Amino acid sequence: MSVTIPILILAIPLFMFIFLGLCGKKMSHLLAGTLGTLGMGTVLVLAYYTAFNYFFSGQACFINEAGERLQHVIFNTTWLQFTDSLVIKLGFLLDPISAMMLVVITTISFMVHLYSLGYMRDHHGVFEKGFQRFYAFLSLFSFSMLGLVVATNIFQMYIFWELVGASSYLLIGFYYTKPSAVSASKKAFIVTRFADLGFLIGILTLSYYTGTFNFTDLTSVPVEGLADTFRVDLSTPETVLAGISSGAAPIFMGASVLTWALVLIFVGGMGKSAMLPLHIWLPDAMEGPTPVSALIHAATMVVAGVYLVARLFPLYLMENSALVIVTVVGAITAFYAAVVACTQVDIKRVLAFSTISQIAFMMVSLGVARPEYHEGLGYMASMFHLFTHAMFKALLFLGAGALIHAIGSNDYTEMHGLRKYMPITHWTFLIGCLAIAGIIPFSGFFSKDEILSAAGNYSVWVYIWMSLVAFMTAFYMFRLYYLIFWWKEHTVREGHHAPHDQPWTMSVPLIILAAITCVAGFIPFGNLVSWNGEPYDFMAHFDWSIATVSLIVAVAAILLATVMYRKENKLPAKMKNAMPALWRWAFHRFYWDELYMFITHKIIFGCVCRPLAWFDRHIIDGTMDSFAIVTNKASNAIKPLQSGQVQMYVWLYLIGALLLGGITILCLI
Amino acid sequence: MFCCGLYGFLTRRNMIAMLVSLELMLNAVDMNFVIFNRFLFPGAMEGMMFTLFAIGIAAAETALAIAIIINIFRSVHNIDVRELNQMKF
Amino acid sequence: MFENILIYFVVIPLLMLAGLGLCRNIRQIRAVAVVGSLALIGLSVWLLVDYLALRAAGETAPMLYTGSWMWFRPLNIHLAVGVDGISIAMLLLSSVIVFAGSFASWKIPQPKEFFLWLILLSTGVFGFFISIDMFTMFMFYEVALIPMYLLIGVWGSGNKNYSAMKLTLMLMGGSAFLMLGLIGIYYHSAPAGEQLTWNLLEIVDNASIPHGWQSFLFPMTFVGFGVLGAMFPFHTWSPDGHASAPTAVSMLHAGVLMKLGGYGCFRVAIYTMPQAAHELAWIFLILTGISVVYGAFCACVKTDLKYINAYSSVSHCGLVLFAILMLNETAMTGAIMQMLSHGLMTALFFALIGMIYGRTHTREITQMGGMMQIMPYLSVCYVIAGMASLGLPGLSGFVAEMTIFVGSFQAGMQDYLAGAGSLRLVFTIIACCSIVITAVYILRVVGKLLFGRVYDEHHLKLTDAEWWERLSTVTLIVCVAGIGCFPNFFNNLINFTFTPEIFSVLGIK
Amino acid sequence: MKQEIGLLVIFLLVFLYDTFMPKNSLKALPVVTTLLMVVFTALGFGICYGGNTSAVAAFGGMYETSAVVTAIKNILNIGVIIVLIQSIRWANGELMIMRRGEFYELLLVTLFGMYLMISARHFLLFVIGLECASLPLAAMVAFDKNRYESHEAAVKYILTAVFSSAIFMMGLSFVYACAGSLYFDKIYNALYGEHTAMLVLALAFVISGVGFKLSLVPFHLWTADVYQGAPTSVTSYLSVISKGATAFAFLVILAQVFGSIYSQVWEWMLYALIILTITVGNLFAIRQRNMKRFLAFSSISQAGYIMLGIIAYNTMGVAAMMYYILVYIFSNLAAFGVIGAIENATGKISMDDYRGLYKTNPRLSFAMMLAMFSLAGIPPFAGFFSKFFIFTAAVGQGSVAIYVLVLIALINTIVSLYYYLLVVKAMFISDDECTIARFRSAFSERLGMWIAVAGIIFLGLLSPVYDYLLDLTADSSLLAYFIR
């Protein structure tokens, strides 16, 4: 496969960023927006072409005789050489998941580009301030995200990992005059930075032992657990690999080094994918423009963590404990986020928490994936869910954006009963809700169902737990749906003030995404993506019993929501009063933010930084100054010697001479 | 003798008296030389020679000191050495 | 003598001084400064190209362009020059910053005296980087220090007398230890009975410093240079000094002068006394490791822009010394890169701070806000500088820090696996933590200063950057991005395959 | 012997000129003297480079000269010339009309005395030289008849001087008792390796006697008052020429007389004295406001640095010491030149009056700053090189104790830098209005300053000077004494 297309896929967004960033101000808003969208459109086409080529062209470099899909490095140029073996390269790795991610990213990104043309202007069609900047940042983000998914080595991934963090920072803080937005962006960056620290150390450890950054080398390790511990032969990467695969690595604080490395890397993933306890940035990130939330904080960037774990999956397989940690974290997060989502009033926050819990689903399914159960169904399931979730969550967010754009508020209490006014939004939003609730035949049903069956294979408890989460998911989504579109009528909805559907630039993406959501479930995903590249027909593993159960669960949840929220009634208030404590905690997101505020401000700033600064100014600096002070004091102290009295002088003279002689005599004798 | 001179020099307030005691000290030095020469090294006359010159030098010093003291007496009408402490520290 | 290109790094500044003497008005003065610094940039770029060509042609000598002219015969003091990739990198850095600095001080009062001292300072800097004779090195070192006093004292702001005096005395205190160290090295520079020498290369070849003496002279030299490298606890001159210094001086001082410290530690202390370095590294590792996080933490709570930046300099320069002490090829490469990167970005920082201060007349971030709406250009530059400082890929900070971390982590793990204690490992991880703290204080400043609402209505009337300010900042930004995007170029420039044999003692090479 | 004779000739010429020339032509006296000195110095250099560097003895070995000695004498001559040039204006002031001649005659006599001190090889000659060099100075100190300080200074000087010479000769008598002779070489051989209490005491007395002229602590107390009280020209003469000469003479005595008991006895005495001198001098200098007094203390600590060259006790040390003296002459005379110029013009000698001097008299303040930097040892000025060399020489002595000593000295340089910078700060940095109006100093003063500044700038960068000095010492008769 030629090199030009992959390079273009990366180069066009980068060029767009630089171009719009430098001379965006000079050109008109519309031109800038159109340019950005066109650029993204081109990338979209190229990416589709590439993915299609990879999956269906059947070239030898992509798929071997056994029908296994291979990892193919299209180009790989040295960027920075640390040692002979440790080299950061920038390249383009094509394999099932990266191809899949290419499709996802370009699709959503293009939709968002298009959508923003309509969204980023007020009702009179006046563009927002910094419209060009917005598109520049969008291009930057697309570039970094694409670079991330096609990374050929873990350090390239880290580089773009940082870049997506930065572009997300810029986009969250797009309305930089809004203090809340500024602090949200700061929070997002710092929390993820903290996670990246773990990621970095993990990379360092891993690369030290394996002597390489390359995914292909890292993941081509034979899969055995790490049994006993002895020293690794560090002479060459091969021996190191051999050592690791045969379970060689010193125990460090009770866990093998590999475990440490993998867990630390997973911490990086937790940061980006907003797993507990590093989730706090994501809800605040909703301060950014809604298309940004759709693109970054629902569809693409937040699943980077999942992608990372999937990328290193063979390594994780070698270390059961790491996978267990992934599972546990995922399960807890999923439940937590679902509970919180049931109580939020800001629709974007509800969606944010649902995102967290859905990503947690993917994590769990990765955590439970084992080759021995259905040939690693969980891996495929999580990738599948990643795909479908990207689509319907983007759909939901864009729909929410449409609502916000129409109403001018994030709060569902402002909305109520909009179904008549905004039919397109209504229907597309409904499709999204059905998909996420897991109603056949929408895409969400299939992916979630596979996750559940994978969980079921792994352990029944996980299965029950996740089904519970699924139930709540369906519940809060429909709560949201009803509260927005039904509940009660607002009185003041006449004339041209009445909320109405959006311009085509906004509608088209909604419709397209809705269409995808409807059909995506029928993609034979197993043939395309699997943990070891061997295609298999997941219908073979399709478990109707689990499917029916989950379906029943979803329907039950929807019915409950209908009862409670379809018409205005007292039930919700009753529920709320029934368990006030739980409700309050859930409403305040279990006070995580307060906890973090306390740690950062009171402990770090109050108890570390200020004392240190004081110490520096007064102790260290004081010591330095005290030298000078002592000198001056001494000079004052010996002042009397120079008394101006000749006889005094002579006295000292004599004493000096005698002492000089006397002491020497004493020393000699 | 040297010590007497020393004592005088360090204690007297009158400059002339100080000069006198300085003379004492110098003469003590001369005596030293003469005596050492006479009893320890009777061969050569070095000590004697030195003494002659030392006497001369002492005379010169005294003359100069007297002159300066007169000068200062002219300007402040007082030859108390303890008063001479305008410049200090 | 004048056939050697390196000499011109000293000759050009001297010519500039002469030209300055003839200047009548500010226009001529600016002309002299700009032309001269351009000439310096040109010279160093030419040197770079030629050097790479020579290396490509298979030159393997540790130093190229070496020249040595007898100066004081009895003490065998030469005016010895020579460069390798590292010094060339430093020369590039210095010339760029001198260039940017002379633009940043376009409207300085009493320009003649100002540029006189500034150029004298840069003479010292360039002389330091080209010379391989310890005596001349030390002489240029001090030449570079003293103008600081007058530059800060006369053109400074705030508590300038105190700061200037403190800075000068502390640095001189450092050089007192340094001088003794150098003299001590001189007396052991050759085996008994042979001609003693000040020439670093010869000393390295002789490798005749007795072990006992090394462990006495190494701390002397290292501390001597370390003071200028803002090593904890000798860093306190830096916040006050920077806070009071005028813009260009802060730029040169943080950008170049503090590098003299790191460079000296590397070139003199480590080069000549590797065994002692190997044994005593742990002491200074602890100190520098402390200063990395310590500086960052202090920067978190300061409200004066220059103080914040000074403390971040403490942290970053601490990282330089830290990496040097890892005695690991990768880490050392990282250290040099960090010098380049920190030099450029901190110069950029100080330039911007100076420009903002020149408009708002305050450096308190609590009394500013929403600068992005008032002076977008400067603010964007500030964000870029901040991103470079917190290590965003594509800008210089990232590559430097990553190289350092990879290298020192390797060193640490080797120790740990060899059962040689986990000190280096632990401090590497501590140093890694600095990237988070850096993010905290950088974003804090950016958020408070540039974003949010405008704090003071009067600020709304302020103007954005003038053309010379734009020129000076753009130069620096381009360099920062250049290093960030093509790190391997510098990585190859600074490579240790040409270092003297003695480095095999450290397992380097 | 040539130089002494030459000096006597000049002395006679000046004397005759002063006595028999008509009053109106007396105004030319200073110029004439200066020119004579210049010619004489030129001849002196002629002797140095004349190839005839072998040691010459006279008075039956009481007197000996050699290339090194000639060189140091020439160095002194240069200093004297600068002093003379700088003092022309002062000497032509209306107060001096009557006493102009005496000033020059006394000055020449003291110089002659120093010559004798330097090249004496017998204590008799040495003592004569010492007294010649110190007594007339008392008269010169008292020169400003109508300034009270001048008299007070003179009294303090003469009393302490006589006292110290008494002590000195007492020490000599003990030495005589121990060694039985006053010839240097005889004493050297006699004292070989012995250290009785009497000898040590004698040595202490001798050192104190010479240390008095060098103003080593604790024999320094007269210095500040005398420097402050004396006329500026005299002060500068006192501070550089007599110090330089005595330093060298001191070296000669310690090496050629007591060299045999270097490491046992006087190394440690000197060690203590150096530390005391440098530290105390600096500590006092910090708090001075009067410029002359300030320089007095700075010169005390400088003397301490000079001693480092002696304690090094090797040829490099001697060379470094001579070089240091030379550089010190230039730097200090530059400072005194500025002070004198300002004093003559405005009568102000307080550091507070120097505030903002740069605004009114940039050139003067520039010269002053160079002098200060040179004294503080800042490159590229000569002071840096001299300090560096003398430290190198000292460390060359090799023992760890010397490393410590040098470290102490180095740390003291920071203190000294502080107070030198105080002057620079006053002149350049302080913003308040300068009390000294812009004025144009006399040609002679400017000439003197130019010479001194040129010396400050070029002495260091031109290596041949130092090379030459080291060659001289390398093949001098002193070499014999350094082998331990």
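The first chain written gets the first letter, and so on, giving A, B, C and D; residue counts start at 1 in each chain.
Please note the rule applied: a residue touches a chain if its C-beta (ideal position, glycine included) is under 8 Å from a C-beta of that chain, and two chains touch if they have at least 3 such contacts.
All of these numbers come straight from a predicted model, not from anything done at the bench.
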Chain at maximum distance from chain C, centres defined as averaged CA atoms: B
Pair with more cross-chain C-beta pairs in contact, given B-D and C-D: B-D
Intercentroid distance (Cα basis), chain D paired with chain B, Å: 26
Distance between chain centroids, defined by C-alpha means - chain B, chain C (Å): 64
Separation of chain C from chain D, taking each centre as the mean of its C-alpha atoms, in whole Å: 42
Whole-Å separation of chain centres (CA-atom averages), chain A against chain C: 37
Per-residue multi-chain contacts in chain C, two or more chains: 169
Chain D residues counted as touching two or more neighbouring chains: 155-156, 159, 163, 224-225, 287, 418
Two or more partner chains touched - positions in chain B: 9, 81, 84, 86-89
Interchain contacts, given as pairs of chains that touch: A-B, A-C, A-D, B-D, C-D
Residue ranges of chain C touching chain D (in the complex, touch as defined): 70-75, 77, 135, 139-140, 142-143, 146, 149-150, 153-154, 160-161, 164-165, 168-169, 172-173, 176-177, 179-180, 183-184, 186-187
In the complex with chain C, residue positions of chain A that touch it: 78-83, 86, 88, 155, 159-160, 162-163, 166, 173, 176-177, 179, 182-183, 186, 189-190, 193-194, 196-197, 200-201, 204-205, 207-208, 231-232, 234, 250, 604-605, 608-610, 612-613, 616, 620-621, 623-625, 628
Residue ranges of chain D in contact with chain B within the complex: 123-124, 127-128, 131, 135, 138-139, 142, 145, 148-149, 151-156, 158-159, 161-163, 165-166, 169-170, 172-174, 176-177, 180-182, 224-225, 228-229, 287, 293
In the complex, chain A residues that touch chain B: 639, 642-647, 650-651, 654
Partner chain A, residues of chain B touching it in the complex: 6, 9-11, 81-82, 84-89
